[in-house]
Each structure stands twice: as structure tokens, then as C-alpha cells.
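The structures come next, written out as C-alpha cells.
Heads up, the next two complexes both have chain A, just with different partners, chain B and then chain C.
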Partner chain A sequence: MRGFIQTHPFHLVGPSPWPFFTSFSLMNLAFSIALNSHNYMNNNFFIFLNIFIILYVLTLWFKDMLAESSYLGDHTLAVKKGITQGFYLFVVSEILMFASLFWAYLHSSLNPTMELGMQWPPAGIEPISADELPLLNTIILLASGVTVTMGHHALINGNRADTLNGFMYTTMLIILFVMLQGLEYKYAPFTLTDGAYGSTFFSLTGLHGIHMMMLAMMLLVCTYRVYNYDFTNQSHLFGEVTMLYLHVLDMLWLFMYMIAYWWGS
Partner chain B sequence: MDTIQKLIYKSKQQPLVPLGTVLTTIAVILAAKSLKQGRKKDTQKYFRYRVGFQAFTLVALVAGSFWYSRESSAKKKSREDLLREKAKQREKLWLEELDRRDQIIQAKKKRLEDSKRELREVAQEGFQKERENESDK
Partner chain C sequence: MFRSIVQRSFQRNASHGHGHVSKYLKEDPFKNMRNKKAGEAYIKDMEEKAHHSIGVTAMWKKITYFVAIPVVILTAIPVTKIELDHAKHREHLKHLSDEEWPVQYDYQNIRNKKFFWGDGDKTLFWNSDINRNIEA
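Now for the complex of A and B:
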């Protein structure tokens, strides 16, 4: 009998193939992107295949994690503390990554070189106007902040219908944001290869866009978990970190809007 | 104006925008802290602050841009007025110039007439003297 009693609050994870598969598919993705960028391959097939494999493996991995938390009860208070800390470290690393890209943007724009025509936006570049589509995108993000805060309020007060509505509206707003950003890219008067301006602009807003796609997936899973009665008004760690992530990304977008669109054009 | 001057100029022109951004950041940091410590009511409060500050920043940005674009259109109007005034001045000066040229032409004509008359008078005198000399013989 003694063997079935756990004398510590931690979750000792069992053997799992998913970290192994994730590592291999990530390595394949990196290789196919690098080889593709250097013209060793003349199609995007392996890039899309590897993105699909990563998403598939991560789906299986996170499905296991949802089972461990909701059905097996492995996520004790101590485990949740560890997950929160891990997520915070992840957010800090994200912010540092964005900081380096902001640095690159400001490095190129604050002291434009001879090759850029000593001006920012560089000579011949027609920037995207800050008061058109980007403003609408900013308003959409602000609205998503409102709906997610409404969802959080309903969640901690045990109102199931409003929690579901909040998460659903937020998911739709984030998807709308990604679609509008895609349109903006499609009709942008400059490209990724248009010198320092194109590189810094698209790496900044593109990284944010990829994070927004991930956020949309996280919100979709949150909506499903609310629908599936996985969250209680006391225990909803995934919901909390998703909301925090949304707020951090909104804040980063505000900086991006101010620096890249408002000051930069 | 290079970007750093533009950045300082815009920050001075609309100081509410950087201020709102900093407040938004502080609200997110406080929300993260309260979330980690499990104070759910406070997290909700800071989320609301975050949305409020961001809305404030956005309103400040848009209102400021609108306000300054309006002022610049007023400036544009005054500049157009100035141009019109200058055009009028130029027209007036041109008319004066034309007058001056006319006067010069008139003066030249008058001088020509005068010299013609003088010549005629001198000739008349000459003829008179010749006639007198002939009658004396």
C-alpha cells in the first residue's frame, strides 16, 4: 500500500515521445527554412510539412497535458506554481526577443546611413499610413482586451455563459486582427527585401503576427476548455496565462504602433 | 528633420502618448504580479487599468494627430493668403513698371517732337536770312 501514497506535491512526468518528436520536427523546420532561403530547394513543401508536423505533435502533447491536469489531477498548487514561473520566464524571453528587434529598428532609423538617403523612412520607401488599417488593428486589439477582461471577470465570479462569450469574442477578434494584418502585408507598398526598412518592419510586425496566431490557438483551446467544464472559478491556470499573454502582446503592439507606424512614418 | 528630432518633437507635441504607453506597461506588470500571487480580484482590476490606459493612449494619439492636422490646414490657408497677397503686389508693381515705360516712351516722343520743331525753326531762320540776302542784292 505504501507505494501508492505520494509524499510530495510534485508531478513526476512519465516517459513521453512528444519532446523527442518536437525536437526533430523543429530541427527539420529550421533546416528547410535555411535551405529554402539559400535556394537549395525550389519549393516550400518541406516548410509547410514541418509546420504541420509541429502543430500535430504539439496538439498530441497538449492533449496529454490537458488530461493530466483536468482528469488525472496531477496539477497541484506546487505544480501550478512551477508552470506559472515557466510561463513567466517564457514571456520574459519573448520580451527580450522583441527588445532586440526594436533595437534593430531604432538602430537603423535613429541614425539612417548614407545608403538609406540619410532619412527614415529611407529614400523611395512609401510607408504605411498610421491612421488607416493599423489604427483599426489597434482598436481591434483594444476591443479584444475588453472582451477578455469581461471573460476573466465572469470566470472568477462563476458566470459560465459570459466566460464562454468573452473567450469566443476574443478569439474572433484576434483572428480578425491576423486577417487584417495579412491584408496589410499583401497591399504593403514595400517588401521584406526593401533594405533595412522592409527587414526591420516585417521582422517586428511579423513576429508579433506569428504570436497572434499562437494566441488565437490558445484562446480557441481556452474556449473549448470552458465549454468542457475544465475551468473552475478558482483553478484556471491556462485561462490566466492566455489572458496575460494577450495583454502582453497588446502592450507590445502599442509600442510597435507608436514606434513603427506613428513615429516611423 | 531626422527621426530622433521627429521623435523628440512628437513626444513634446503629444506627451500623453508615451505617458499612456508607460502606464499601460505598468498595469500589465502589476497584473502579472497579482496573477502570480493568486490575487484574482486585483488581477481583474489591473486588466481593467490596462485596457483603460491603452484606450487613453489611443484616444490621445488620434485626437492629437487630428488636432495638429487641423492646425496645419489652418496654416496652409494662411500661406495661400500670403501667396495671393504677393501675387497682387507683383501685379501692382508690374502696372507701375508699365506706367514707367509708357512715361519713358512719351518723353522720348516729346523729345523727338521738340528737336524736330527746333530743327524746323532753325531751318526757317536760315531760309529767312537767305531770302533777305537775295532781296538786298
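Now for the complex of A and C:
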């Protein structure tokens, strides 16, 4: 049966509708947000529709990937290496995206303009203190780094109970973080519309917050996959990239905490 | 129609399209690709990694239960107290009239066009107790 045996370690993916769906729904989302926010279109139904389609397609695409990795055995060492490299590139592009927002923040804050009273935070803006809710959020993120490390090492030596605990604690801590950020936004004395301070603060922390929601979803899937015996002690690529993502977002938050909350208030 | 397409694809894939079966059909496809040494080294490496991680897990387990979780709780207590104080302050702000409200500078509450949600004036995380857009 030589004709049916694969003599290379790579995974030749089959035809899939998901890249097509993802591209179209992302383009539609961008268009409907832009057209709505500039009052060219008076219906935000399409924003919600496209967010729903994106989440729906992501679910089905990831379902395919879970089948390929856990049930079809397509994730060989070479494939995992390729996916890991792809994820590294993705993370680098994310860091650069945050770098541009840090640049915007520092550009506005290091030399505040005349219009802002040449001070930062600008006159009349009551900033959020660094030693209150943001401190708790920082501690929660540092703790999530600890719990996920426990889960990772327990996974490598096949310690199911500690792996499950580690992933569950981490998921709960990240969900707690997102909820506390929601409270912080709800009780923030300034808003998105309060000049350069509001724009730069909310674009930095908001982009991070959206990433944290994505991370919470990834961790939920990871926890389920540990529970479902999908991960083995040698093959748990999704767990590894989720941990990498968590650490990168932790680091970005630490910079955000130091610059936007501590120094900037 | 589909039946003939399927048959044709099967013939093409299984016999290189020429109606004959490959002479390599029964050969070991991996005969030049086996490397016993590399395989053993890989298994040894994995076993060492698993063995090493037992001690590491125990250490991070201690850090989780004796440092991470207690520190989160210990930070949460004073932060909760401070936030409850802020809630009292917000209660006070709520009852201020527009005249008593602090001066709004030009760069605060910028409205160039209506938002496409709600009444078009309130931001997404608007809190009427502490956020006020006073039209001068």
C-alpha cells in the first residue's frame, strides 16, 4: 500500500471554507464599523452579525484543527514546529501593534501640548490610581503566570489533577481580570472622548482587554481539552501557544501598568 | 457521472494514471528514513524532561497555593475597602448640580458627531453618576 503512505512529515491541508468565511466576515466587520461610526450607514446590526459570524467560524475552524491534531494525528513534530513558528510571528506582530499604541501614549504624555495645559494627566482629568484596582489586576496576572506554569509542568509528567487545577485557576484568574477591567471602565471618571488622555488610555487598555477575552476563550478550550484527555505529555501544542500568549499579554500589561497607570497618573 | 469521476481519481491516484500499479507498491516506504539512534535519543530526552518536571511541578504547586493565591486575596481586601470608599464619593458626585460640577475643559467630552449607539451622546462605558457632558 505504498501509494497511500505519506513519506514526508508535513500536513497537506484539505479544502476548507473557513479562510474564505473569515476573510469576508472580517472585511464586512471593518466596513460596517467604519461606515457606522462615520454615519454613512445607520444600522449596527451588521456589526453584531459579523462578530457572530467570526466567532461561529472560529469555533468550526478550531473544531477542525482539534480533529486534525487529536483524532487524525496530523500534528507531527514538523507540523508543530511550523505552527509554533507561525504563532511566534503572530505574537511579534501583536507586540509591534502594542508598540505603536505605547508610542502614541508616550508621544502625547512626554510632551503634553499647550491645549492640555502642558501637564499629564491633563488638567481636569482625574486618573485611576495605580495602587488600587490596577494593582489587584497586576497581581492577578502575575498569579496566572504562576498557576499556568504549575499546569504546564504537571502536564509534562502526566499529573492530571494538578494540570486540571492549573488550567482552571488560570482560566478563572483571567476571567476575573476581564471582569475587574470592566468595573474599572464602568467607574472610570474620564471617558474615551476626553482628549488625548482618554484616547490613548482606552486604546491601550482596550486592545489589551480584547486580547484578554480571546485568551480566556483559549484557556477555556485548553481546560476542556485537558479534561477530555486531548493533551498528552508530549503533544499539547495548543496548550503551549496559549501559555506563550498569556505570558506575552502579562508582559504587555506590566508595561501598561508601569507607564499608563503608575507613571502616567 | 460522479461514479466515473471517483473511479477515474482512484485510478489516477493508485496507479499514476497509466492503469498499472507502482512497482514500489510492496516496498518499505521508510527504509532509508529510519534512524534508531535519533529515535532513542528523542525518547530519552522526553523521559528526562518528564522526570525533571516532577520536582518543578511540586515547586510551582507550592508557589501557587502559598504565594500566588494568598497574595491575590491579601491584595483584594484593601482594594475592596478603597473601592467601597470610592463608591461613597460617587454617591456624593451623583447629587451635585450641573453648576457645582467641576469645570469642563475644551478637550473633555469632545463630540464631533453622534455615536452610532444609544442616544448618540454617551460613550460605551458611560456612568451617569460620575460622567457628565454639560452643554455650555
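In this section, the second predicted complex is superposed on the first by the 260 of 265 C-alpha atoms of A that agree within 3 Å, B and C clash if a C-alpha of one lies under 4 Å from a C-alpha of the other, contacts with A are read in each partner's own complex, and residues count from 1 in each chain.
Methods note: a contact is a pair of C-beta atoms (placed from the backbone, for glycine too) under 8 Å apart; a residue touches a chain by one contact, two chains touch by 3 or more.
Note that the structure is a prediction, hence the values are computed from the model and not measured.
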*Who touches more of chain A, chain B or chain C?*
C
*Please work out whether A:N44 is in contact with chain B alone, chain C alone, both, or neither, and reply first, second, both or neither.*
second
*Does chain B (first) or chain C (second) touch A:W103, or do both, or does neither?*
neither
*Can A:I139 be said to touch chain B (first), chain C (second), both, or neither?*
both
_Quick check on the superposed pair: does A:A196 touch chain B, chain C, both, or neither? Answer first, second, both or neither._
second
_Output check: A:F52 vs chain B and chain C. Expected answer is one of first, second, both, neither. What do you get?_
neither
*Which superposed partner A:W262 touches (first chain B, second chain C, both, neither)*: first
*asked:* Output check: A:F10 vs chain B and chain C. Expected answer is one of first, second, both, neither. What do you get?
replied: neither
*Taking the superposition as given, does A:Y224 touch the first partner, chain B, the second, chain C, both, or neither?*
neither
*Counting only touches as set out at the top, which of chain B and chain C does A:G166 meet: first, second, both, neither?*
second
*Determine where on chain A the residues touched by chain B overlap those touched by chain C, and list them.*
135, 139, 142, 146, 149, 153, 156
*Once bound in the complex, which stretches of chain B touch chain A?*
2-4, 6-7, 10, 17-18, 21, 24-25, 28, 31-32, 35-36, 40-41, 43-44, 47-48, 50-51, 54-55, 57-58, 61-62, 65
*For chain A, which residues count as touching chain C in their complex?*
1-3, 5, 7, 36-39, 42, 44, 115-117, 122-125, 132-133, 135-136, 139-140, 142-143, 146-147, 149-150, 153-154, 156-159, 162, 166, 169, 173, 185-196, 233-234
*Using the touch definition up top, name the residues of chain A that touch chain B in the complex.*
84-85, 88, 91, 109-112, 118-120, 130-131, 135, 138-139, 142, 145-146, 148-149, 152-153, 156, 240, 243-244, 247-248, 250-251, 254-255, 258, 262-264
*chain A-touching residues of chain C, taken from the complex the two chains share*: 13-15, 22, 24-27, 29-30, 33, 46, 49-51, 53-54, 56-57, 60-61, 63-64, 67-69, 71-72, 75-76, 79, 82-83, 86, 90, 102-111, 113-117, 123-127, 130-131
